[in-house]
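Got a structure for you, questions after.
By written order: A, B, C, D, E and F. Residues from 1 in each chain.
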Amino acid sequence: MAERSLQPKKVSESRTVMTEMVLPNDANAIGNLMGGNLMRWMDTVAAICAGRHCEAHVVTAAVDHISFQRPIQVGEIVTLEAVVTRAFNTSVEVYVQVFSSDIKGHNPRRCNHAYFTFVAIDDTNRTPIEVPAVIPLSSEEQDLYDSAARRREIRLILSGRIKPKDATEMRRFFAELE
Amino acid sequence: MAERSLQPKKVSESRTVMTEMVLPNDANAIGNLMGGNLMRWMDTVAAICAGRHCEAHVVTAAVDHISFQRPIQVGEIVTLEAVVTRAFNTSVEVYVQVFSSDIKGHNPRRCNHAYFTFVAIDDTNRTPIEVPAVIPLSSEEQDLYDSAARRREIRLILSGRIKPKDATEMRRFFAELE
Amino acid sequence: MAERSLQPKKVSESRTVMTEMVLPNDANAIGNLMGGNLMRWMDTVAAICAGRHCEAHVVTAAVDHISFQRPIQVGEIVTLEAVVTRAFNTSVEVYVQVFSSDIKGHNPRRCNHAYFTFVAIDDTNRTPIEVPAVIPLSSEEQDLYDSAARRREIRLILSGRIKPKDATEMRRFFAELE
Amino acid sequence: MAERSLQPKKVSESRTVMTEMVLPNDANAIGNLMGGNLMRWMDTVAAICAGRHCEAHVVTAAVDHISFQRPIQVGEIVTLEAVVTRAFNTSVEVYVQVFSSDIKGHNPRRCNHAYFTFVAIDDTNRTPIEVPAVIPLSSEEQDLYDSAARRREIRLILSGRIKPKDATEMRRFFAELE
Amino acid sequence: MAERSLQPKKVSESRTVMTEMVLPNDANAIGNLMGGNLMRWMDTVAAICAGRHCEAHVVTAAVDHISFQRPIQVGEIVTLEAVVTRAFNTSVEVYVQVFSSDIKGHNPRRCNHAYFTFVAIDDTNRTPIEVPAVIPLSSEEQDLYDSAARRREIRLILSGRIKPKDATEMRRFFAELE
Amino acid sequence: MAERSLQPKKVSESRTVMTEMVLPNDANAIGNLMGGNLMRWMDTVAAICAGRHCEAHVVTAAVDHISFQRPIQVGEIVTLEAVVTRAFNTSVEVYVQVFSSDIKGHNPRRCNHAYFTFVAIDDTNRTPIEVPAVIPLSSEEQDLYDSAARRREIRLILSGRIKPKDATEMRRFFAELE
């Protein structure tokens, strides 16, 4: 069995692409892909990406707000791309983008995106374990890395693990708007 | 065919309960229900609830932040309950709670919850249509109704449809913490 | 692990509600929900209900006659409700009712019903185990409780475990018609 | 498009065999094929058989009592065989037998059986249509043909379409036991 | 547990028939059964047939060239028949034929066929094990038996396990054409 | 609606990547991914790739010989990559490679590969339509392009559309071995 490594890894080492054809059972009665099915695919591609980066089994800890602006139809081809943005002790944040086009490749568009957080789990005693750091290289990777701290603070507030008054980044953000 | 009514409706008129048995294919390799499958069930029960309230086909417009704190195992029974909280012109917010227990009814617990937003759609031209108001009766229903405005403001910021500086409720919320 | 209790239980303690959306793969070529899929859902909701009452794993022992009078279409919402009617040593009878409406809640109707019998099974040696008694409270619960003895007698005849001439209740039933 | 024929048909002309491998998702938490899944397979093979005999789309009208005596395990191979027994105006009764063995063909056994009734439906106006008569040839086919009248009478009582006192065959059956 | 036998077996002892109804999710956007779904059914029926002949777990080792000439539509009934043709030490070749008709039994036709090769595997150490010989009886069974040697040689070339120049049967075949 | 273009396309324009997690239902009783499920995924990724290149609906016309040398286990992550190799009038050949690793990214390996042929179909009258040429750029793409002619000749022999004696490329290939 391969040895698990905690050496920092580049984003490209765990980038994961998934392609799905929207089948009749994935859609509602008016032929639109149901939001829940898209979320399931997003979670799957993100979990595979997180597992590769962490070299561990992972469990979904949180999903940030998701908007669904552009409907996807039965018969369309959905492409999902997942990359890690930043690691925090025993968790890693994954950024998922969703693209769609028809079966002929026509009408291509970016549909939506989301941030998922996964905790790495030890195989034997099912407890959280440390994960490797992420090395951002491109400016886009650096932006995702930098903004991850703010998103994490929001998650900690929303899941009740820190008090809003201790949310330094958020308070500064809104204060600056005054 | 029944006539669609825009009369305000009580929460109880569209309350929806769904029960699912966690099967092997719903779980990851260490036997935990995958987050994406739970989200799919949450979206389904919420969509059915929204469709009943709106008397219309609906599409998922947004899902707020979801935390996953308590893992659910293969073989467990998951119960999902969805209620409408408040309507806004052409959309309705739905509150979903997730409960789990083993097949014998032992180890019952509340696992997590989320807020979904759906837009009601006209059958023929697929455009948003007006939805009935929600009548909150219990104090819990009133609380969900009142807090819906703040959650909606956050969604409008997060989906880029209003600027943070125009988020009156949020700014007041953080200002009060000073 | 929770201790299993053999204290009699009220019907409401194990009542189970399941909601399903009829998807394209659930229907035949003319868009009607296939009877077999409806039976699968009925068995699932009944098994969950029986498991809760018995606080045990259960296996389906018998299904009584089922009629299908009102067709259910793709896109409809099916609600199934299961309640225990009566316990017999190691088995429990469950009454399942099926309701349907379209996605907008229109055209609601009671579609059909059935009685399922489950045997409770010990986890370790897979043998039948004693189950708690059922406490009927409402008059409807009492009717279901009383008629359960006659249904059980029919099942014992039909599965060849008693001879028709020993079917006291049935013979009296037909004799009274003379 | 082929012309539909109402000429009487032999049983062998519509006999249908289906083979299924029991997968993890078909079983409950203790590895037994769930009764509901077996019923779904039984309905499918019976519907295909009925469609072939009637040369028409069919819908399930009734399922007689089913007992489940011998549990079937994950990984086993289930073989289902369906034959028509007799036709009645617009409906046909189908007899389904279920056999099981392990993947190596060992431990073969007959598990259970059931009688399904299907109504033939016209493609365009969805109303019941006349079906061809069944020609029994072997003595087993003749027995199934003869007993079909008694089973039909029971179904008519159980679905409330005739009064027990008008159930001539049933009353004679129980009277003879006196 | 039954003892495994290596006595030669007749073809009829493991012949396997499978019937499938083509559901919406099995087809592409223009309503044709996707080739991949048909291949999955062909592999399943062939694996069950091979398991019965070998009285062992089997794994797919190879699939020969498959042509798809006649499209199959959603709603059609597909019948697959698998028979063993010949055994080679630890493997067995299975011949699968695919037939289709509409739900009424009209428009019946032979769609395509393929040869699958399976290796029998020991339960405990997952290594290949010897399999029983095949006894061909009819002239068709004898033809399939005889031609199996040539098909095997092609497979060994195509999987790189023998060099084309050592393919005695193939070279003779093409040489005779000069 | 986008206009369909018959301009030659580069291989990279339609390259398609699909990632799948092997779930319990995808495997046989000894935990190996069933060959038929892998073939279904290969067909799906290849069909999407072909549809993108042809800007048309496509149907599977043929699959060349596939060997399965390295078993894939439940819980592993399978990555499939499809590229077009060459177009022939109304058909296109697609090369699919399959890679696998465990959920942690360990034990990565190339499992197998196959060549699929698809025919492009007109939306309205379901007849074959002309497809764009493929522009090979890398030496690997050029090799796949060059060898496609020989593979096509084999397919035409195997599907009975040309006589072996007219298989110029094959006869030369075996003649050179003398």
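The working rule: a residue touches a chain if its C-beta (ideal position, glycine included) is under 8 Å from a C-beta of that chain, and two chains touch if they have at least 3 such contacts.
Predicted model, so just to flag it, every value in this text is computed and none were measured.
Q: Tell me which chains count as touching both chain A and chain F.
A: B, E
Q: By CA centroid distance, what chain is farthest from chain C?
A: Farthest from chain C by mean C-alpha position: F.
Q: Comparing B-F against C-D, which pair counts more contacting C-beta pairs?
A: Pair with more contacting C-beta pairs, C-D versus B-F: C-D.
Q: Taking CA centroids for every chain, report which one is farthest away from chain A.
A: That would be chain D.
Q: Select the interface copy of A-F from among A-B, B-C or C-D: the correct pair shares over half of its contact pairs, counted by residue number.
A: Selected from A-B, B-C or C-D as the counterpart of A-F: B-C.
Q: As a quick test, compute the distance in whole Å between the mean CA positions of chain D and chain E.
A: Averaging C-alpha atoms per chain gives centres 31 Å apart.
Q: In angstrom, rounded to a whole number, how far apart do the mean CA points of chain B and chain D lie?
A: 43
Q: Taking the mean of the CA coordinates per chain, how far is chain E from chain F in Å?
A: 21
Q: Would you please write down the residue numbers of chain D that are in contact with two or more other chains?
A: Within chain D, the residues that touch at least two other chains are 21, 24-25, 28-29, 44, 57, 103.
Q: If I apply the definition of touch given earlier, which pairs of chains qualify?
A: The set of touching chain pairs is A-B, A-C, A-E, A-F, B-C, B-D, B-F, C-D, C-E, D-E, D-F, E-F.
Q: Okay, in this complex, where on chain B does chain D touch?
A: Per the stated touch rule, the residues are 21, 23-25, 74-75, 103.
Q: Flag every residue of chain E that touches chain A in the complex, lowest number first.
A: 24-25, 28-29
Q: Chain F touches which residues of chain E in the complex?
A: So the residues of chain E in touch with chain F come to 28-30, 32, 34-37, 39-44, 47, 57, 59-69, 71, 116, 121, 123, 126, 154-155, 158-159, 164-165, 170-171, 173-175, 177-178.
Q: Applying the document's contact rule, which stretches of chain F touch chain A when the two form their complex?
A: 1-2, 4, 14, 16-19, 21, 44-45, 48, 51-52, 54-57, 77, 103-107
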